[in-house]
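You will see chain A twice below: alongside chain B first, and alongside chain C after that.
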Partner chain A sequence: MMLVATLALARRALRGLLRRPQFVAPLVLFPTVFLAVNVGGLSRTTDLPGFPHVNGFLDFQLSAGITQSLLLGGVSAGIAVALEIEMGFFDRLAAAPIPRVSMILGRIAAASVIAIFQALYFVVLGLIFGAQIEGGILGLLIVLVIASLAGTGFAAMGVMLALLAKNASTVQGIFPLVFVILFVSSAFFPRALLEEPARTIARFNPLSYISDGMRDPIISSISWGTVLEGIAAALGLVIVFVGLSVVALRGRLRDA
Partner chain B sequence: MRDSWLTIRALTARAMNEVLRVPGAAIPGILAPTIFMLGLSSVFGEAARLPGFTADDFRTYIVPVGLLQGAAFAGAATGVNMARDIERGWFDRLLLAPQPRGAVLAGLVSSAAFRSLLPGTFLVVVALILGVHLPSFLGIVLTVVLVMGLAAVMACWGSVVALRFRTQQASPLIQILGFIAVLFTTAYAPFALLTPWLRAIAHINPVTYVLEGIRQGFVGDVTWADTWPALLAVIGLLALLGAWAVRSMRRFGT
Partner chain C sequence: MAAIAARALERRYKSGLQAVAGIDLTVEPGEVYGFLGPNGAGKTTTVRMLVTLLRPTGGQATVAGYDVATQPGEVRKRIGVALQEAALDPLMTGVELMELQATLHGIPKGDVVARSSDLIERVGLVEARDRRVGTYSGGMKRRLDLAMALIHRPEVLFLDEPTTGLDPVSRLTLWEEVRRLRDEGTTVFLTTQYLEEADVLADRVGIISGGRIVVEGTPAALKAQVGRPHLDITLTPDADIDRARGVVSPHGELQPPTEDVHLRLTVDHGSASIAPVVRALDEAGLTVAGMQLVEPTLDDVFVQQTGSHLEGAGAPAA
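Entry: the complex of A and B
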């Protein structure tokens, strides 16, 4: 029963997004803009001492673009849930004879599917503009696996925030803070070249490991240690935030 | 005329009240530019060591970018709030009131211009604490004018999108223009260090001149040569997007 309800709600979420592509586009558009600006403005930084050997700054920045896009996907999932709460759909869903956990699992499952397409978009974009996937097909699969897991975790985080905030504008307001988490990671620049305290914080930021895990197969042959760290970090986010969103759902239903 | 002025004042006051009454929605927008400035300088600070960089440190170079981002966020927030008011029916009631639609629009745009001073002030205070050089009095006045001007421009854009889509889900569409406009400039590096395609875009992007108009006071002296293009760019953008917003407002609900 739970699986059927979850899949039905995931399909509903996906259909809702596909029907209004103007709302999906920003998930990749913002990070694409950021990617373009970073590459256009700072490509000469690969000359700095300590920068790892890469084919180009675009290759290095691709995983940052994917991570950023996945984070926005999480915020978007949160906004969608907050709007459902505001408009009363969530309460009607709660009255339906379905397992209540599926109310949020459907949205999260949809985000994990979208995450694969978000990652594919950036890989294709990178290849068009001259990037190379050094890890080949296996490397690409690794990128997609980590992206899907991370997208799931970020969506769960967005859903949790929506259940706590209960209004879309507050969840929307979290959008700029997405960048904070990303800035204090090694997503955009090598950890060794970050300034303090960002360098120290980046060591403990799971986004560093997720970005590095996706970056490794792009810029070099596969280093399993880095890849497994990326998978573990993404999986950790899934476990923590799905758990917290279930707790937040129970709180929301108790208050309703 | 007096009624229009009262409408503008009331809507501006309402937007400022929101900052205090819904802090959960307002605070991130106030903090974001400072976070952006701190984040960018932490991540890309080493870029200032590249030959040809025109500032001693990356933080000073990036502060004006944060100021314009604050303006863009404030303008976008106005559009998002308008979309929310449309969704909830409050906007329809506002339009039923006996005042010109132009005054309603002017009130919303004016509120964005004033709200942009909140993230800007916070950013400058933090930057000063971190050792960034304070511009001269003329530089500060110019900065305030240009920041408020760009916020008004973005509020016009936000209004156009909100009136067209009538839903908060259009928020990213509202925000993306400000993002692109501020970043496809000399935001991260001087013209000489940009890749050729970005250099070409930055040259034709009017916001580049607004950015350089603000930046001149932070990295050196204020000169007329850097000031007039900035003022012209803001006035031109305001005329263009203002006219579009007025047109959208007139057509709304007809």
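Entry: the complex of A and C
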């Protein structure tokens, strides 16, 4: 029953997202604009000493765009759950004879699928504008796997916040914080070029490893150490935030 | 075995508010139980405990034979729930929501489409089935909500203020559906703040105030507790009132008249008493200028028990 209910609710979440363009568009539009501004204005950064060898700054920035988009996907998943709580749909699900954890797993599973399309969008965009995937098909698959895992973890984080906050505006208010966390990672610039304390924070920031893990197969032949660190960081987020969101769900249902 | 049984059921919130302060009730299978009370009386909190959305902080309750606190999963399999404000996803179509609900209730895949279609037809939403719910009227949403609650043929159906905010026509449609469910033997637990709704639909009514049931019984028995119906009769100005009193006295018990009426006669048979009284006056050559049957209402019962009126007493009738 858990699988059936989770799949049914994931399907509903996907359908709902596709029917709400105002939710889908920001997931890719904002990071696209940011990517364009960054690449257009900071392309000479690649000449800095310590910057890794890349075909172009766009190649380097693609994984930052993907990570940014996935974080927005997490916020979007959180807002969707908060809206369900606000409008009472969450209670309808809670009154159904399903394992209650499937109420959130459906939404999180949908995010993992959407994450693949978000990553594909940026890869295709990059290819159109001259980027290359040095790791080839296998490299692309690695990018998609890490993106899907990271998207799952970010969605679980959004869902957890929604369950704690119980309203969409609070979840939306967390949006700027997402970017602060992203900026103190190696998503936009190599860790070696960051000033302290950003460099130290980036060292412990899982977003650094996720971005680096997706970037590695794009800018060079596959370095399995970096890739596995990326997968481990993304998987860690999944485990931690799915676990915390289940705890938050139990609390929410107990205190409803 | 009772369909619903609650003993000393309580709910106290973390804020200290005691929303439900010890409710005892029993609903028999096939019964329509009206849970009547003003806003804030504890109706919705009680329903949320009975449908396992809220844990009781005291007492015990069973629904369809299962304990709501220790066997919530078994309870959920056997109940249908239509909560206040028809919580429906506006982006989904009617049929998509029905099919989702069917899947969540474990209905075999092969039956999902047929059962969804049957219920959509039953609640009169065939033409709107493929439209997004966001475009539905309030009445349509309530009917869809009801259909969703019935998808798994529940033993006990909970309807939490199903007609609040609806126009009279939509209200009447929903009433007809509840009557049909009663005829089919479904147990219905109906909360309402509308007197007429409880009066018309419920086999028994429990009136709740301040988190406690203050009185319970059939609508007729409850109303009989506060008094019998009476006829207020106004005659033409030239009529002999004393003679008129003698003419109508065999048909009931005369009460002191008021400023507005000439005769007040307590009767035993409600509207059936009107014709004999009119006929007797007519045969005696006394012309009736006006007559009104005044019956006790559940609001009178509420006033008798609590000293205040029900907020929904003045709600528009269907």
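Methods note: the second predicted complex is superposed on the first by the 255 of 256 C-alpha atoms of A that agree within 3 Å, B and C clash if a C-alpha of one lies under 4 Å from a C-alpha of the other, contacts with A are read in each partner's own complex, and residues count from 1 in each chain.
As a convention for this text, a contact is a pair of C-beta atoms (placed from the backbone, for glycine too) under 8 Å apart; a residue touches a chain by one contact, two chains touch by 3 or more.
A quick note: this is a predicted structure, and the numbers were derived from the prediction, not measured.
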Touching A:L177 in the superposition: chain B (first), chain C (second), both, neither? first
According to the stated criteria, A:F189 is in contact with first (chain B), second (chain C), both, or neither; which is it? first
Winner on chain A touched-residue count between chain B and chain C: chain B
After the superposition on A, what does A:R20 contact: first (chain B), second (chain C), both or neither? both
Just which bits of chain A does chain B share with chain C as contact spots? 20
Could you pull out which chain C residues touch chain A in their complex? 14, 48, 51-55, 73, 76-77, 79, 81, 83-85, 87-89, 91-92, 96, 100-101, 103-106, 132
So, in the complex, the side of chain B touching chain A is made of residues 22, 24-29, 31-32, 35-36, 38-47, 49-50, 73, 80-81, 84, 165, 168-173, 175-176, 179-180, 183-184, 187-189, 193-195, 197-198
Parts of chain A lying in touch with chain B, wherever the complex brings them together: 20, 22-23, 25-27, 29-30, 33-34, 36-45, 47-48, 76, 79, 83, 165, 167-170, 172-177, 179-180, 182-184, 188-189, 193-195, 197-198
In the complex, chain A residues that touch chain C: 1, 4-5, 8-9, 12, 15-16, 19-20, 87-89, 91-98, 253-256
